[in-house]
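What follows is a set of structures to go through.
Presented sequentially are two complexes of subunit A, the first with subunit B as partner and the second with subunit C.
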Partner chain A sequence: MLRPRVAKRVGKRVLKRILPRRCALVVSAASIALSTWVPLEAHAQECPTGLEVLVERPFADAAGLTAGSTVVMRSTIEGEPCNAVVAGIFEPPPDPASLNTTRPRVLFHLPHLQAMTGRGNEVDYFTVRMRPGTDLAALAADLEPLLPGAQVLPVSEVAERSSTTFRVVSRFHTAIAVITLIAGGVFLGCIMILKVQERRLPIAAARLTGIPRRLLFWWTVAEAAMLSTLGGAAGFGVGVASSAVVNAYYQRYYDTTLVFSQVTGAVVTEALALAVLLGMAAGVFAATRLLTSDPLDEMGR
Partner chain B sequence: MSEIVVAARDLTRDYRTGRSRVRALRGVSIAVPDGDFLAVTGPSGSGKSTLLHLLGGVDTPTSGEVVFLGRDLAGMSVEERAALRLEQVGLVFQRFHLLPMLTALENVELPLAAARVPRKLRRARAAAVLERVALADRLHHRPGELSGGQCQRVAIARALANEPALVLADEPTGELDRATSRQVLALFQSLNADGTTLVVATHDLELAAGAKRMIEVVDGRTIP
Partner chain C sequence: MLALNSIREFRTRPLRTLLTLAGVAVTTAMLADMLMLGRGITRSFGELLESRGYELRLTPKGTLPFDTEATVPGFATLRDSVESVAGVERVAPVLAASVTVETSDDSGRSVEALALGMDSGDQGLYRLTEGETPRPGEVLTDADVRGSLGVEPGSAVRLRPAGATGAWGRRTTARVSGTGEFVFASRGDLQVVMRLDDLQALSSQEDRVSFAMIRIGEGFEPDSVRAAILARNDRVEIVTLAGISERLDARLSYFRQTALILATVSLVVATLLVGTLTAVSVSERLGLIAALRAVGLSRRRIVGGLAAESVVLCSIGGAIGVALSVVVAGYLESILSDFPGLPVAVRFFVVSADSLVTAFALLLVSGTVAGLIPALNATRLEVASMLHKEAP
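Up next, the complex of A and B:
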């Protein structure tokens, strides 16, 4: 369940600047705005005293920064260089949207950032954690008239709006999965027909000896279902192993804790159910082909 | 006088092959009494197998009648004839036709399972029949692990599983070497001595000579 938060977007552009020095730093007001948003008057850019920053871990590793290191920060390329002390290193939250970005993130105290940028009265957005049971829709409706030009949204909706790219990717995955399942089903059907073809003569002989078609039919279907269940179980094992390999590889490649592949209970249940259904369908198809022919013709009469 | 297990009167059987019509049997009459061991010989395509199929209710005649244990097969549905075959007719084929994924024991159990014999009883009966054909040490072997002669003995055991009134064997030694064929003949003679009624279609003159009596089928007609 989503935590009860309300996101608010205020003012113009985001406070983001690529700072000078060899490694450009992105300044984000979002994180610190969580707790210290205060509307301030605009003033000239200046280096704040006691400037401290938090640096994300992958960048700190690459740049050899540790807590206590000193870095030079600018709000623009022409901006005044300010010495800042690295107060700490933070692990960036796993976020697929930031995987390909090469811009490292640095967190400021809000007053320091406002002083450096000279934009004291601008805040991009901040989030407010609500007490459990708060009616978010009612609160949003109450707040918006009080904040002209602002939008008050539940975090879930913000996430929904910002994840359209991933929805497209997800649809691609679904399409690939459907094609794979169809191909797997056809493959299973072919295997069943081949297996049944192998047994054409013994099954015809069994029919001649009087063994009821019904028994042979359900036997073939049960065998197909068992075969597909075993295949599904093997697929589950392969899926878990592949998932672990994919996660290990890409987590290392992107230096992130983001989980790229998950084998959830729902996925396992759906996959096994589909495997059994496809197997039974293949079994029914193969058994019907086998048992509707004349056994004497099968035996060469 | 012995009871007649199966009697055929004036049987004909026509097949259509494309536009032409082939008459495989032409007015064959025959009676098989209980305890008989009858060999049906004749050249390939003479109608031996067709006669066996008609006697066992596997196929239906174009004309004529087959009476099995007093019941006219013409009046029976496909399901009724299948049930009759399951309980009263044992079939042995030239190429054994055992189910390859089942063991010898399971292959013999199959007709018993189809006849709804309880599991324990059918297992015991299948094992006993396999012992009867000298395969007690091969119960859990699959057909791929058995020789041709052993496979045919499993097939004979399968045919005997439901203690049928009649065993029909179509070229049972056709795939076997001479020594193994003699073993099969000895087995048939032993079964017949124990009361099993047998009709065997064969090219094998040695096997035919080992039967109690023999008829020859030529061009769809019997020559006594």
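Up next, the complex of A and C:
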């Protein structure tokens, strides 16, 4: 029996345990794991004695439930009403796949739910932890014939199937980043051209006084690189601030502890490297144009 | 005249003009695409729902069609009750269940598919492309099921509830009546349709449905019919098409919000670009502006000339950007078309005149304002001091 206070503390641990995070195999009741519509078999539904549940925190807050509250539950709209005690409140794990879940989640003891729904001795899926060194594929192949109507999947495959949404969103973000990069590159090119046009006379004068063309070239490129580095650093600041705003907004919007935006070292390095490279490219372009003209023409000969 | 002057001015600095046009075009394309994204999903899903000709959906309480495995029990009685409501023209029930479809020969080919049980002749969820709608003992498949099993209209297939094997569970043999396109199918979904009572029997769900579509007679409002049905049946949910679109919109709010942020950033970048270019262009021509004012040209005319440059830049760049946005939208759509759980027919980017016109107008207004500011500043300066400062 779960004592309310204990249950509140163990809620997270229980959730971690039921998720197949540390398990190697998932055995599902049908071939499309977790998403198939398997009809209920007609077994007698009954209210289990001592029915207790854990309720997720956002729903408990909205419904004003606390540990010790009593709720009425039915397995279906026409099912028998069963009184249940809220044994505890759990914080839902930060799972992106459940962000758009509109129905509140409630955890039961397995036999209680089986009795309430009339699905005695029946589960949708179960997970198997392997001993170190076990051949996953061989075991899956051995297990499947023993479980008619079930499919044995490695956890990696379940993760792969359930992460399609995030792969699509990630590809979309990459495409948007490429477009942004093009727009940023064009903007930078424009600014460099303007700067170079402003400096035509001093550069022409410098060339006429004998300063080598190569020095002037690298000077222009270095200036562009510095400009883009400074811009990149400012962008990093904006990025960190935006990331904080995005996290604060979406965590509140979805009432979750999920981290939506992470500024990692790899992302910062990549962004800064791209900014500097783009700046140098714009600098090379501008310097080449500037140094191919005749300085005497520039001076208005 | 002002526009011609502007074009002449741009031709003196072709590279700068080309780069600015490219920048304005890319940012306009992004702006237009984000406007399309913000409005596209709701619009295309709404159009898809409306195309089926049913204004209301009856579902188990708290769910949407195809949302959960929950079913409505005692449908025969419920149907009588709904059909007796004034304004209800037709009720089309649907039961959905996962089934295994296999060939009746010894080839051993089988697929897992979502079976829809519907009234005879009802095509509310699919379009018949070949053969006939299923009669008792018949099943209509989509092209993928047909291809995977290698069956043709007239072939026999065996069906059983998904997960049932060997002697367990019910099973039936059905004749393939034809092929259809399932309008609400997601990418990769395999679907078949059979008679409602056939599927109810196969899946042991007698007198149950997953949801029902309700057609309303002419002159009746969906909301009032909905209220009348709910007044008699409080154990079901009745959703209007607008309600379904709203809920989908809420679930995909991430894309709408991303679109809003990116659209705003695009507009700011375009404005900065045009503003910077006009500011530099004006500062290069301060001497000329002073001279024109000294010979009696009005401030309004000079500001008009400078602002015309921004307008021309935004018009040309914006027009290119609008065309570019259609291409980019196609590319982004191809990425998001793999988004799971959405009907293939639903599009994220719907190319529409109002999105394109709004993007163009927003750019034109913000670009013109960005160009006006440096122009007004330049003409406010003292003519004599400007002439002195700019003298060679």
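Following the convention adopted for this analysis, the second predicted complex is superposed on the first by the 249 of 301 C-alpha atoms of A that agree within 3 Å, B and C clash if a C-alpha of one lies under 4 Å from a C-alpha of the other, contacts with A are read in each partner's own complex, and residues count from 1 in each chain.
As a working rule, a residue touches a chain if its C-beta (ideal position, glycine included) is under 8 Å from a C-beta of that chain, and two chains touch if they have at least 3 such contacts.
Note that this is a predicted model, so its numbers are computed, not measured.
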For A:164, is the partner it touches subunit B (first), subunit C (second), both, or none of the two (neither)?
second
By the touch definition at the top of the document, which applies to A:248: first (subunit B), second (subunit C), both, or neither?
neither
Identify the partner contact of A:296: answer first if only subunit B is touched, second if only subunit C is, both if each is, neither if none is.
first
Between subunit B (first) and subunit C (second), which does A:211 come into contact with in this model arrangement: first, second, both, or neither?
first
Quick one: is A:137 in contact with subunit B, with subunit C, with both, or with neither? Answer first, second, both or neither.
neither
Is A:150 touching anything from subunit B or subunit C once the two structures are fitted on A? First, second, both or neither.
second
Is A:182 touching the first partner subunit B, the second partner subunit C, both, or neither of them?
second
Which touches a greater number of subunit A residues, subunit B or subunit C?
C
One more residue to check, A:190. First (subunit B), second (subunit C), both or neither?
second
What is the contact status of A:78 with respect to subunit B (first) and subunit C (second): first, second, both, or neither?
second
Subunit B/subunit C common contact set on subunit A
198
Which residues of subunit A touch subunit B once you look at their complex with the stated criterion?
198-199, 201-212, 215, 295-296, 299, 301
Contact residues on subunit C for subunit A in the complex?
13, 15-16, 19-20, 22-23, 26-27, 29-30, 60-62, 68-70, 72-74, 96-98, 112, 114, 161-166, 168, 203-205, 235-236, 247, 251, 253-254, 262, 266, 269, 272-273, 276-277, 280, 328, 331-332, 335-336, 338-341
Over in the complex, which subunit B residues touch subunit A? Could you list them?
15, 49, 53, 58-59, 79, 82-87, 89-91, 93, 95, 97-100, 110-111, 113-114, 158-159
Per the contact definition, I'd like the list of subunit A residues that touch subunit C in the complex.
29-32, 36-39, 41-42, 76-78, 100, 102-103, 148-150, 164-165, 167-169, 171-172, 175-176, 179-180, 182-183, 186-187, 189-191, 193-194, 197-198, 250, 253, 289
